[in-house]
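The following pair of complexes shares a single chain, chain A, combined with chain B in the former and chain C in the latter.
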Partner chain A sequence: MTDQAVAGRRLAKQDNRLSDEMFITSLVAGAAVALFLLASILVPNFFQFQNVVNLVTNNWAVISLGVGVTFLLVSGNFDLSVGGIVALSGVLAVWFAQATDGANALSSGWGMPTWLAMVCALIGAMSIGAVNAAFVVALRVPSIIVTLGTMMLARGIAQVVTQGSQRNTNLPADFGTLGNMTMFGTSIKLPVVLMATLIFVAVFVERKTVFGRLTYLIGANPVASRLSGVDNARHVVKLYLFSAVMAGVVGILLASEFKSGFSNRGTLMEFDALVISLLGGVAIAGGFGSVIGMFFGAIILATVTSAATGLVLSPDWQFTLKAIAVFIAIMAQTWALARRHAG
Partner chain B sequence: MTDLTQSPQFGDRLKRFLKDYYIYLVLILVVVVLSTANLDKFPLFERGNFLSERNIINILRVSAPILTLAGAFTLLMISGYIDLSVGSAMSLSAVVYALLAINGVPFVPAFLATVLVGVLLGAINGFLVIRLKITPVIATLITLSLYKGIALLLVEDGVSAIKSGGGLKMPGWFNDYGRDGVFFGLPWAFWVAILVTIAMIVAQDRMKLGKYAAATGGNPMAAKLSGIDTARTVIILYVLVGICAALAGIARSSFMSLGDPLSGDGMELTAILVVLLGGTAFSGGEGRVLKSFIGALIIMSLTVGMLTLVPAYFQTLVVGTALLLAAASNHLVSRKDSES
Partner chain C sequence: MIVQTAFAANAQEKALSIRDLTKDYPGVRAVDAVSFDIDRNTVHCLVGENGAGKSTIVKMLTGALAPTSGSMAILGRTYEPDSTQDARESGVGTLFQELHVVDQLTVLENLTLGMEASRFGFLVKSDLEGRVVKTLAAIEPTIDPKARVSSLSVAQKQIVEIARAASSGASIIIMDEPTAALSEREVERLFGVIRRLRDSDVTVIYISHKLDEIFELGDNVTVMRDGKHIATKPLADVNGRPELIEMMVGRAITHDYEPRGDIADNPVLTVKGLTNHLLKDVSFHVKGGEIVGFYGLVGAGKTEVARAIYGADKADGQIDFKGRKRAASPKEAIAAGIALVPEERRTQGLFTELAIRRNIPIMNIRKLASFGVFQDEREKEVAREYVGKLGIATNSIEKYAEKLSGGNQQKVVLSKCLFADADMLLLDEPTRGVDVGAKSEIYDLIRDLANNGRAICIFSSELEEVLGICDRVFLMYDGRIQAEIKNGTEVDIPHILNVVTGGGGENK
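Here is the complex of A and B:
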């Protein structure tokens, strides 16, 4: 009660100041720019336009997954299953599309046309989202445990279908079209354009629609939202299905790009999606964060890791760097918010 | 009339019985299924059958790490906290232990130093969670990445693990702890796991630590108001988990005769799985060390025994399904409790 009263008074006082969310988001964006400039000074040839483009385009998959993960975190729920779903949907799309007359088990599939195979793979991805939703909403199992379980379930199915390796033969000629299509006469690929569109739509939904604002309410105060007539359960179900479908799309596009369904694809992507959300200021307790923040979180992570590569640090540094980056981000955000409210 | 009054009682007693003993029934079921599945090819207790002496010894040997870890992890989860970094802590300990051994440090100092590393890793987790007030999941996710990163950095570039070669050689005693039978055909690592489990059972039933852990998990506010130092309890539990992760790392390292920086990958999932299987409530407050130990035996029997029935690539699917089933049944059991 007092928390809300304080929040209300703060809101009245700070009418024309930035909201806490915008404050943190600009902090994260500032940190991303500062890190990029720092890396430009330290790393030779870092300060190039092409490099900026690469930081975004190389990370389209994780950023796209981050959208669903961010929405769920804002509503107070984890989704660690997205990496497994990336593997599952890619493997399923390939399996469904492979011709039936292959020489061995790994080269023969269901012989569906490409579009149908991809739709069916999406349904497969969505059913993992449905399992997540069922366990979290109906059985009230903590989301971190459920989605760790479905992460293994999805990857497990992918491993069984590919017998622990990959399927990449006997595919229809048009299977690789979607993932390798370039747009507007430039070298920018379709998946990158989709990611950009997704970010814009997500920001609109998050800021300007009832659905988006309800997500915040559910995360910040589930009891209040239920008492004001919101169907929390239905809302969270939709978010899990959305996240799973996005992960399914990413998996299918990756499978199309490489013309293969690989059961270990997307390993650790769920952790990266969580890490960029946290770097972007999304609060794990729910009710706080933004897709734009997540986007800049991804830029921070990409800058740090590619600068480390530029400095010829061994790739083994990536885990340590990630840990340090998340730690600093969380401490800095807590500190900045505390200071702001003290003033 | 007697039927009407007796049947609910009987139902209650059955429920009680199932709740207390279902884990043993599951273990028996798993053993029966695995030992009879291939009966036409491998007769009972003969070579190749699940119940052959060789196979049982093998399972208990490879189970040593998770058996060591299960008890302390249970107490931590009873207190309502979680440690996702146990797998990385195990990898880092394995690398440190192998690194010390290969550079000529004798067994006892190398062992003690690695356990000290475990104390430190657990204390860091406790510090992040209690002093810096970072959510347990995030704090231990940070250290998951950090410990794994350090383990990878300790191993030279271009080499996958600490092992004999390049002028350095693993000492002859390196396998003794985790692989070579010393007592009823089982290595030290297994007997240490038993000792650790007994210690944890004593801690749970006969010491303040167990009661404080349950109180912290059941109702943190009430625990604090009744004078329990919950912060201290949680830090001690994180340190205990760190020590057990170090012991598990030593066991794994000694069994494989190398210090593999990825050897503990996925251990946090197995630990959560066996603890849930043992009926510990997610929300904390309830759970038994011994049941988690049995849960660990079940999972290891399943994953090892399964290899004779289905190809190895079924493993992720089976473990994932088991985790979801354990979570669901755990929920059903605790709901029955709250309704009655």
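Here is the complex of A and C:
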């Protein structure tokens, strides 16, 4: 065999090594499974198939928001506005759909058919995304500040529309259909199926498409990506619009499920979405992370909190437990990556 | 005393004595057995071309680098700083190019910053303030100690930093290209400050590419070339710019330029009146198959020309590439067939934490996709192809670009441009930080590309480089093209150096 052929074979062999992203994702997935098994030993009746299903289905909203948040984080940008958008789009959908002849201000709306009300609410959500994009891209304000602002703006508008309370009367009969529809003859609801679809599509986009590649490049080195011909600005605009629309859909589905528009809905969801992304190995500085990792990050968080409730810890401990989980996860990832790079 | 016998009898009189100072890097000797003295209370200039070893000497003086061998002494006492902090305590202050003042504090607070802690009690502090105010007033009375630093100009901030060094008891202050960001009037003011410093028992080591400044300000000059000490003498004894330039360049620069015949007749790129914050009325053209060089010192505007053509920076003026209007963004430039190898390879050219194979297709990433879906296997094929073609030394295409040597990193950046199918390559400092072997491989590659009809612009601060491969060279100084020379065997090197150091020039 010639030297060149040997070298070629060696090249090919080394190429199959696990990438850092796969490594971290497997680590997070492993941690999620280990935690679940640990909880099964400690908590009576925890080890049940239905419980696994519940961990996912109870968290469909946060996981769906996590997709947009993860893409933005990978591109080097924050999105803290998603919780506010959940409230705003839900409130708007209800308001637009309420009949015009209500007894008081909170029970009369615009009288739109359900589908039109939902479309208009989505446009409202998208416009918050557009504000995010405009400030971050055109005015170059740090995204954490911009989205902190729009988080309050979105919830603020929702509060004005509901007068600080909620709208739940005088709705068309079909308003509750989408959020409560069950699928395939099981008890699984439409929003959960939509979440699963979203995850599959997002993983495909992230792994297999040019769009996914560009997201990573922009996050890894925005200067080099611009000089390499990537239109960073345009891409980040798309990501903010996408994230806002996803949050809008979540808000509308929740409004449909509860047949109400509530201005406090989705409070702290933006932080949960951020936390599960970070737990899932997404780098806060951008350029690194995955949607699958985020998904398992959500499972870790859900396991910890539900196991704690099962362990008769009072719900007051939730935040403290989340904090501990976050610290441990981030330290473990940093340590694992450093070891790997040293080796 | 043993220490003192190592130096000349009058060593106590010398602000700084350097003996046999040597610094080795792997494979290269940056400073080679340099010895010279700096007289007390003088402005001592240090000159030399890029790579002559000036900045390595400065780094050893400020404790940022340890010498491989040799010694230094201040006023006859051995000086071996092991950190910049240590150097400062030994009385060697430095005016860095990036300023280290705190904008939110007042001038006075900046001047006493870090000194309060080392002294206890209020009495000492008020004494300190008085001393500091006096120092500032002595070197620049127009700056109000109570003014907020954010309200000062860059030049005034520099002076505050000088005053801080002086009032902390520095007997030697090193200034590395201090006028790079200053206007003409501010330069005059800085010179006034430097003269007053000299008169108040401070020795100034002054490093600049601008020879006019050296003659105006300096008492003595030390010339370095290729890491070696060439001469140290009073500027009064130097016979004008020509002699200084001759010392800087020495022997004729060896260059292996060979005229190439296959240059197209019509220009592919025509630039007219390019002007922006730095550039002034830059006009030129480049033909297909031609290698054109832009030579000038740091800050002459070479990078700005490249970035303006590439659409990365805004500029007024006309740029016409193959009959197309100018590119408004790098994306448009690449689409038109222009590719840039940027000045800073690691921060602008590469994604260091991505694998080699992920770096190579970036400039033309859609070529590897069908209907938006990325073809991973095609990417690997492309990466292996370019690793082989350009001889990138690596055991895997999955290796992080970070872990490659400078030369191999640059080959990855060049692969990016080649994969983009560019007809014109803009190469900004293409061989900076690249070892000799990889350098000549890159030159061969550039010649190959030109011979295949591509137009190439090289922006370089290494004269040997532009004279080695370019067919024509534009000399830049102060944002302008000062002269154009045709490369050949008869190149007037002193003339070139005169032009790029501000000696004026006309087309030759």
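Here is the rule we go by: the second predicted complex is superposed on the first by the 329 of 343 C-alpha atoms of A that agree within 3 Å, B and C clash if a C-alpha of one lies under 4 Å from a C-alpha of the other, contacts with A are read in each partner's own complex, and residues count from 1 in each chain.
What we mean here is this: a contact is a pair of C-beta atoms (placed from the backbone, for glycine too) under 8 Å apart; a residue touches a chain by one contact, two chains touch by 3 or more.
All figures in this text were calculated on a predicted structure; none of them were measured in a lab.
Peer 1: With both complexes superposed on chain A, which partner does A:209 reach: first (chain B), second (chain C), both or neither?
Peer 2: The answer is second: A:209 touches chain C but not chain B.
Peer 1: Quick one: classify A:33 as touching chain B (first), chain C (second), both or neither.
Peer 2: Neither partner.
Peer 1: Can A:145 be said to touch chain B (first), chain C (second), both, or neither?
Peer 2: After superposition on chain A, A:145 lies in contact with chain B alone.
Peer 1: Please name the chain, chain B or chain C, that touches the greater number of residues in chain A.
Peer 2: B
Peer 1: Report for A:220: first if it touches chain B alone, second if chain C alone, otherwise both or neither.
Peer 2: second
Peer 1: Using the touch definition from the top, say if A:130 reaches chain B (first), chain C (second), both or neither.
Peer 2: Neither chain B nor chain C is touched by A:130.
Peer 1: Can A:228 be said to touch chain B (first), chain C (second), both, or neither?
Peer 2: So A:228 only meets chain C here.
Peer 1: Which partner does A:336 reach: the first (chain B), the second (chain C), both, or neither?
Peer 2: Neither: A:336 stays clear of chain B and chain C.
Peer 1: For chain A, give the residues common to its interface with chain B and its interface with chain C.
Peer 2: In the superposed arrangement, which is not itself an observed complex, chain A uses no residue for both chain B and chain C.
Peer 1: Flag every residue of chain B that touches chain A in the complex, lowest number first.
Peer 2: These residues of chain B touch chain A: 82, 132, 134-135, 137-138, 141-146, 148-150, 152-153, 155, 157, 269, 272, 276, 282, 311-321, 323-324, 327-328, 330-331.
Peer 1: With touch defined as at the start, can you tell me which chain A residues reach chain C in the complex?
Peer 2: For this pair, the touching residues of chain A are 8, 10-11, 14-15, 17, 19, 208-214, 216-217, 220-221, 223-231, 287-288.
Peer 1: Which chain C residues qualify as touching chain A in the complex?
Peer 2: Counting only chain C, the residues touching chain A are 310, 312, 329-331, 333-335, 340, 342, 347-355, 357-358, 362-366, 369, 372-374, 376, 380, 384, 387, 395-398, 416, 420.
Peer 1: Under the touch definition given earlier, write down the residues of chain A that touch chain B in their complex.
Peer 2: 78, 131, 135, 139-142, 144-146, 148-157, 159-160, 162-164, 263, 271, 274, 278, 284-285, 314, 316-324, 326-327, 330-331
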